[in-house]
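First chain written, first letter: the chains are A, B, C, D, E, F, G, H, I, J, K and L, and each begins at residue 1.
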Amino acid sequence: MTTSQIRSPLDEVGRSEAGVLLQETLVDLVDLSLLGKQAHWTVVGPRFRTVHLQLDEIVDAARLHADTVAERAAAVGVAPDARAATVAGQTGVPQLAEGWLTDDAVVSHFVDAYAKVIGRMRDRIERAGRIDLVTQDLLIQITADLEKQSWMLQAEQAAAGTGN
Amino acid sequence: MTTSQIRSPLDEVGRSEAGVLLQETLVDLVDLSLLGKQAHWTVVGPRFRTVHLQLDEIVDAARLHADTVAERAAAVGVAPDARAATVAGQTGVPQLAEGWLTDDAVVSHFVDAYAKVIGRMRDRIERAGRIDLVTQDLLIQITADLEKQSWMLQAEQAAAGTGN
Amino acid sequence: MTTSQIRSPLDEVGRSEAGVLLQETLVDLVDLSLLGKQAHWTVVGPRFRTVHLQLDEIVDAARLHADTVAERAAAVGVAPDARAATVAGQTGVPQLAEGWLTDDAVVSHFVDAYAKVIGRMRDRIERAGRIDLVTQDLLIQITADLEKQSWMLQAEQAAAGTGN
Amino acid sequence: MTTSQIRSPLDEVGRSEAGVLLQETLVDLVDLSLLGKQAHWTVVGPRFRTVHLQLDEIVDAARLHADTVAERAAAVGVAPDARAATVAGQTGVPQLAEGWLTDDAVVSHFVDAYAKVIGRMRDRIERAGRIDLVTQDLLIQITADLEKQSWMLQAEQAAAGTGN
Amino acid sequence: MTTSQIRSPLDEVGRSEAGVLLQETLVDLVDLSLLGKQAHWTVVGPRFRTVHLQLDEIVDAARLHADTVAERAAAVGVAPDARAATVAGQTGVPQLAEGWLTDDAVVSHFVDAYAKVIGRMRDRIERAGRIDLVTQDLLIQITADLEKQSWMLQAEQAAAGTGN
Amino acid sequence: MTTSQIRSPLDEVGRSEAGVLLQETLVDLVDLSLLGKQAHWTVVGPRFRTVHLQLDEIVDAARLHADTVAERAAAVGVAPDARAATVAGQTGVPQLAEGWLTDDAVVSHFVDAYAKVIGRMRDRIERAGRIDLVTQDLLIQITADLEKQSWMLQAEQAAAGTGN
Amino acid sequence: MTTSQIRSPLDEVGRSEAGVLLQETLVDLVDLSLLGKQAHWTVVGPRFRTVHLQLDEIVDAARLHADTVAERAAAVGVAPDARAATVAGQTGVPQLAEGWLTDDAVVSHFVDAYAKVIGRMRDRIERAGRIDLVTQDLLIQITADLEKQSWMLQAEQAAAGTGN
Amino acid sequence: MTTSQIRSPLDEVGRSEAGVLLQETLVDLVDLSLLGKQAHWTVVGPRFRTVHLQLDEIVDAARLHADTVAERAAAVGVAPDARAATVAGQTGVPQLAEGWLTDDAVVSHFVDAYAKVIGRMRDRIERAGRIDLVTQDLLIQITADLEKQSWMLQAEQAAAGTGN
Amino acid sequence: MTTSQIRSPLDEVGRSEAGVLLQETLVDLVDLSLLGKQAHWTVVGPRFRTVHLQLDEIVDAARLHADTVAERAAAVGVAPDARAATVAGQTGVPQLAEGWLTDDAVVSHFVDAYAKVIGRMRDRIERAGRIDLVTQDLLIQITADLEKQSWMLQAEQAAAGTGN
Amino acid sequence: MTTSQIRSPLDEVGRSEAGVLLQETLVDLVDLSLLGKQAHWTVVGPRFRTVHLQLDEIVDAARLHADTVAERAAAVGVAPDARAATVAGQTGVPQLAEGWLTDDAVVSHFVDAYAKVIGRMRDRIERAGRIDLVTQDLLIQITADLEKQSWMLQAEQAAAGTGN
Amino acid sequence: MTTSQIRSPLDEVGRSEAGVLLQETLVDLVDLSLLGKQAHWTVVGPRFRTVHLQLDEIVDAARLHADTVAERAAAVGVAPDARAATVAGQTGVPQLAEGWLTDDAVVSHFVDAYAKVIGRMRDRIERAGRIDLVTQDLLIQITADLEKQSWMLQAEQAAAGTGN
Amino acid sequence: MTTSQIRSPLDEVGRSEAGVLLQETLVDLVDLSLLGKQAHWTVVGPRFRTVHLQLDEIVDAARLHADTVAERAAAVGVAPDARAATVAGQTGVPQLAEGWLTDDAVVSHFVDAYAKVIGRMRDRIERAGRIDLVTQDLLIQITADLEKQSWMLQAEQAAAGTGN
């Protein structure tokens, strides 16, 4: 089946470039949701319960954003791809180690993961501005949410009870 | 971090064997959820809307069962693994082609996928009966749900308006 | 239309035997729901309101279980049959008299009806154990609910204020 | 137990005639609910999911209307009767074949069944107008709902994509 | 303030006659709600709880119908009157004795009260049919509900455990 | 496509006459909903907020009734028509001026509009009584609601604080 | 039936005095609810809608408090009395005129009515403090709510747009 | 761990005396909840269903009040104690016999139990008034609820159908 | 009434140009909602039910967006106009034929209608970017939703069961 | 009152043995709920809030399971016993110290308590398998939930931030 | 505008003194809500998430109590004042430092803040008892809630894992 | 504690400038919420109820936007400051007079306040466009909501019943 199934509201160049941006974003978000669940199950430590619950919020948000992004790809005429092998092959999100993970390690890992994903999102926002304002607005709103979650993860990582 | 973090209610052999059963099941279910979403986005054809909605029910069920199975693994003292690369590497679920897919092709694909997964679930139920009744009961309940979805997919695949 | 429409997860003997068990159960449960409604409308006596409400709970449960059982039959590849004539012809549930019924008579009737249905359910659980653990688990769960309702009906039937 | 248990707001002739109208209606509606469920379980074909869901709406409406009608019979002093044998013996609704049914066959069957039931309802409305306006109003409201469902079933039956 | 404030959709005779019908109905329904609450508080006996709860349903229905009737009066251009003295002076509903009341006495009293109110409602339906079909339809629907409650009260009053 | 698509429960004359009544009603109600929204956006004055909110209730009711009427037309075998040009061409509802409107002017306008629509509804109820009681009942219920809203609009229009 | 049906937690003098306080309060609150509904239906003027809605809040609160008070009377062993004739005969709440009432007149009337009821409530709180702290606390909480409503009614009565 | 963990808003004497009052109340309420559940399971007789449901309301209320009281103890700086042995050792609530209990016996038992608990609550209210108004207010509110439940239990116990 | 009633946050040129953009958008969206309802009632064919339901989602979205757009016009100081004659005269949305419409025809019609409306929306987004970023953002968000619906309509239109 | 009040679906030996299993389970679960509440009130430490909330989930689950188990005992014809003295005397759950408890101590205590209860549950599952599959299934489901909670408690106990 | 706008239920001295008490309380509660939000945003440390959530509960409670207190002031005839400058000038609540705050520092700060506010509330309760029991009751209920929150904050502050 | 606690997704200049914009916005929104509540409590006049309710919507919106803005500041690495003294010192929102305020005065005051805040928001949107598109988008969405509220306030201020 060819991509001409869905007529794009963008011209062919726009369709193609927007498709790339959205496909990259989709892979990052799906992988974030898989890693969020992975840590939800394997985290241990005194902060287990609060991190376990927080990770489910991260997963819910990542799934919701992934759905929005994939359906935006379809709407611009590009079939999205978030099959396991594609996600494993294309993701730029740092991977968790297997086995049990301490709560400190989980928070630290996601602080780094969010920083990397946010960096790429900001690059995509800039590129999208030259292609399609509708796609750009969607990326901006997802980034706003990711940066809010990033702040909360960093806030948890700050040293307890120190005076700074 | 060693697996001795969580004390298993099973003996070491039971823990290990239950861990294998649950890990296999987890990978199948997570992949089913990823493939369900993939088809949710890429299906086309006159039955688009009904298949699109049905796939979201399949995804919701697969995610719920995956969570139950992963937390059961943790409860028997085994850290589950559903990272993208693990799912891509270990899954036994038939993979979808990339790009747009007709509604007929999607239904047909999932009829096959469910048949394969159900076959493996029934094998695991038998093995679990020799290891841990609690794990077995959980696998039985998931299988009941998968077989119900399998019937509904097959019912859609039956030839329309023929007399048989 | 042949039964080969839906591929059974069981072998042919299992499919056939499970189909018999499920069809018998379906008829009992549908008849229980019809008799529950009949008494819901025709009961009179000082306990009218509480029995009238209780019967709606009985009807709701019977309808829910009937749906589960019929869909399980479909899932094992057997078309269920709960048409009025089939239910009237195959039911083993004791029938209510026509016309108005006293509350005592209604409670007494359902105590007996539940006892009979439970007896048959326990026999089916045993037979199902040799055929299909998934079907057996479903029958066990329905029986648990029927035995709970049976206790509540019997508890209402006990003599008031006597010392025993 | 005599029917004098519940004092009728109608005179004896009115009570008796209203009782007949309501009893006939009750049997039709209960049978419609049983046939709706039967087809809900046994339908196959590409429209399986949408017909399966629509049938549950038909069943819910038929059950609700049956309850209203049976309680109206009690309110006019007549004990209703919707036991399986009564329904099987008195129903005028066309019966479904056993086994699996194609979606086309199911829609076609219910188009006919609704036409028959609506014809009888309109006759009852006329007779009720000479007996009891309260009963008539209730029959009018149920008929309005049945005729709405009849339109939707017929609309589905219309040839697809033809120019007429 | 004159009644010409609200222009009636009826002619002057219709307005006046409909106003009388609705005002009479309003007083009966408000008094039913006050007596329902009175018995809700003063009933005693082994059936206290079930009668206490049933009376709240009677009160809720009476209040709802009273509101509908009073707003219908306003809609036909007649100011309704349900002040305490008006209700006390115009009601035709049998009054409860003061003090504690046995459950048997309460049920018996409301059986009689409903019979009287229903008799008047049926007379009003007939008169309304010559004046205004909209008002008549409203009275028919309220009567249907009152007759349903009347059946339930009578059903409770029937002798327990007797064979008839 | 011919009207024979949906078989009418009425004879051909009844179908045709009921179709006219329902089509007229549909146009009035859809126009009422459009004018209600128009005033919802353009009203100004000290009573802005309360009128703005009341108009949304008017719009919601008009939309609901329009849907009921259009589906009733379909149910009697007549395809309804509420396209913008049809509504603009056939409506009998007085039109609002463009631009901002004072709250007094809006209330006054809708008092007149409701009076006109109600007059036509009462005429249709009479005609429907000779054709189809089901359609008549539906028109009666909509008229009851319109007359209630008419009273509320008139009540707002009454002079404040004057002694009449 | 004697009042000894319910054993009072208070001694006989306390029971009797608390009974008087609660009976007086009950009559005031029930009458407030009847007058609130009366004005809800008969108010006219530019503030119709907001006063109409506010009166329903007043009615809901008065009904809720009346229920609490009547059940408190029962709890201290005194059968409450809120029959229409009792309310009409014992109420100290100023009565509304019959017929349509301007919004200004309604607000003004309820400002006065609340002032009178609050005055009596404060007297009862003082008397209750010498009898039963539980009854007193209940009266205090009802008074807090009445005084809040009184403020809101007075606030509406203040001259608009004047500089004071 | 010493009680100085939580700084009391009361002085040391107040803290100690309030702690005693609250601890006594806690034990009574927890035991009431345990006995309520015990009777919920073991009651038999024609009033089984209504008493069974009423007991769950008693249990819910007792658990809620117990939680409030225990957290009030913590808030005044005293660690509460509701361990099984403490409840069994300190309770003043009359104990139920083991085995099945008739509905009459259950109602009678709880009438007595409530009378005893209410007597102690009223004594505690008086003592609390000299120590801490906040604690006293909380005890007053719980007593109001217990006395309401006591009335309902007594009302059920009154002889049915007798003329007194 | 002059447009100076509402002070615009934009200068006069901006107010005027934004007003044009928003008025055009409003007309398109209101017409989309009217046509969506028209097809909701007149569609026939095997896909009736799914298209009938989908059209209600289209109508809900169009109404919601129309409301947002009209209130934005008011907020920039321009009175919106969505009266029937205005919509009929200014709409650029392709019109449906009268009478019954096949499901294929309906889907095809809305695919075209959405393409046209989206084209105009994208033009307006560009113009709005030079006038008012707040208005532009609103148009972008509506366009995102329209393009998502457009994809779903096109996906339904794709040939069933063909291989590409 | 003899146990013959409720006819058991099991034979006398089965009834007696199932009764023992269920009574033991009931005591453990009720004690778990009492200890959960005790720690909910007395826990202190930096993890206070998260442990306080988690304990309420533990209490809710224990209460729900206890209710299921007690009603199962009744359903097999054995009156359950969960009075305070019985629980205190028969419990096998380790008891908490009185007074304030650190969060670490609470988590540690419940890790041990769950391990003990789970050990006994697994023994009961085995014994129940020889008596009654319905009872066994119920015990299996409760054990699955307890083992899930046990994992979460152990996960919290793992050393923070250590590398293992 | 003079304070005579709202007629006080208290005499002039009572009105004035109650006004002072309520104004002081209002300022404390509004400042507590502002400081709660401030810390909600600026807290960092391993307990970030749990403290962040707890602070929102503190803010919700403070806002609710502030609203109650301000409306009570109005009800006693005194215009409340919670403008920013008034709050900043009159507050007695200790102020937070600007910038990021560790979780330990936040908990410690609110422990002190609650202690101060509770001290003032208890003084006001005493003064209110001489003026107005209705106002006093309201202050008592707010204090009960503040003291509960104070306990929870102190419990979090207790040393972790120490033996005391 | 230094601002380096939270790593900004912006460079240092962007972080600093965005911080200024967000801090200014936060102060305006918090002050709007405090003034909204102030007027909610002190407004008097015939429009009291509608303005009182509208102000709560204004407060809810202002609080929600303030929270979004403060968390955005944190997300860009700047600790927000909305303590009472900061708000009082930095706010640019016009202040309300103390004491009772007429409804006209309140509406007039908020019309001016919104105009001022909107003017500043539009300036900030422009500045944000040069710094951070994510922050800009957030400011645009808040401005859209403020401008909608501004229209509604102005609409209320328009002269009633005048012909313009």
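Convention: a residue touches a chain if its C-beta (ideal position, glycine included) is under 8 Å from a C-beta of that chain, and two chains touch if they have at least 3 such contacts.
These numbers come from a predicted model, not from an experiment.
On residue numbers, the K-L interface is repeated by A-B, which shares over half of its contact pairs, out of the options D-F, A-I or A-B. Measuring from the averaged C-alpha position of subunit D to that of subunit H gives a distance of 53 Å. Look at where the CA atoms of subunit G average out and do the same for subunit L: the two points lie 41 Å apart. Shared interface positions of subunit B, i.e. residues touching 2 or more other chains, are given as 1-2, 5-6, 44, 47, 50, 71, 74, 100, 102, 137, 154-155, 158, 163. Remark: the chains found to touch one another pair up as A-B, A-I, A-J, A-K, A-L, B-C, B-D, B-I, B-J, C-D, C-E, C-H, C-J, D-E, D-F, D-I, E-F, E-G, E-H, F-G, F-I, F-L, G-H, G-K, G-L, H-J, H-K, I-L, J-K, K-L. On the side of subunit G, the complex with subunit L involves touching residues 47, 50, 54, 152, 154-163.
In the complex of the two chains, the subunit I residues touching subunit L come out as 1-2, 5-7, 9, 71-72, 74-76, 133-134, 137-138. Subunit C meets subunit E in the complex at residues 43-50, 52, 100, 102-105. Remark: subunit J residues 1-3, 5-6, 30-31, 34-35, 37-38, 41-42, 44, 66-67, 70-71, 73-74, 79-89, 91, 95-96, 98-102 touch subunit H in the complex.
Interface residues of subunit C, counted against subunit J in their complex, comprise 115, 118-119, 122, 125, 129, 136-137, 140-141, 143-144, 147-148, 150-151, 154-155, 158, 163-164.
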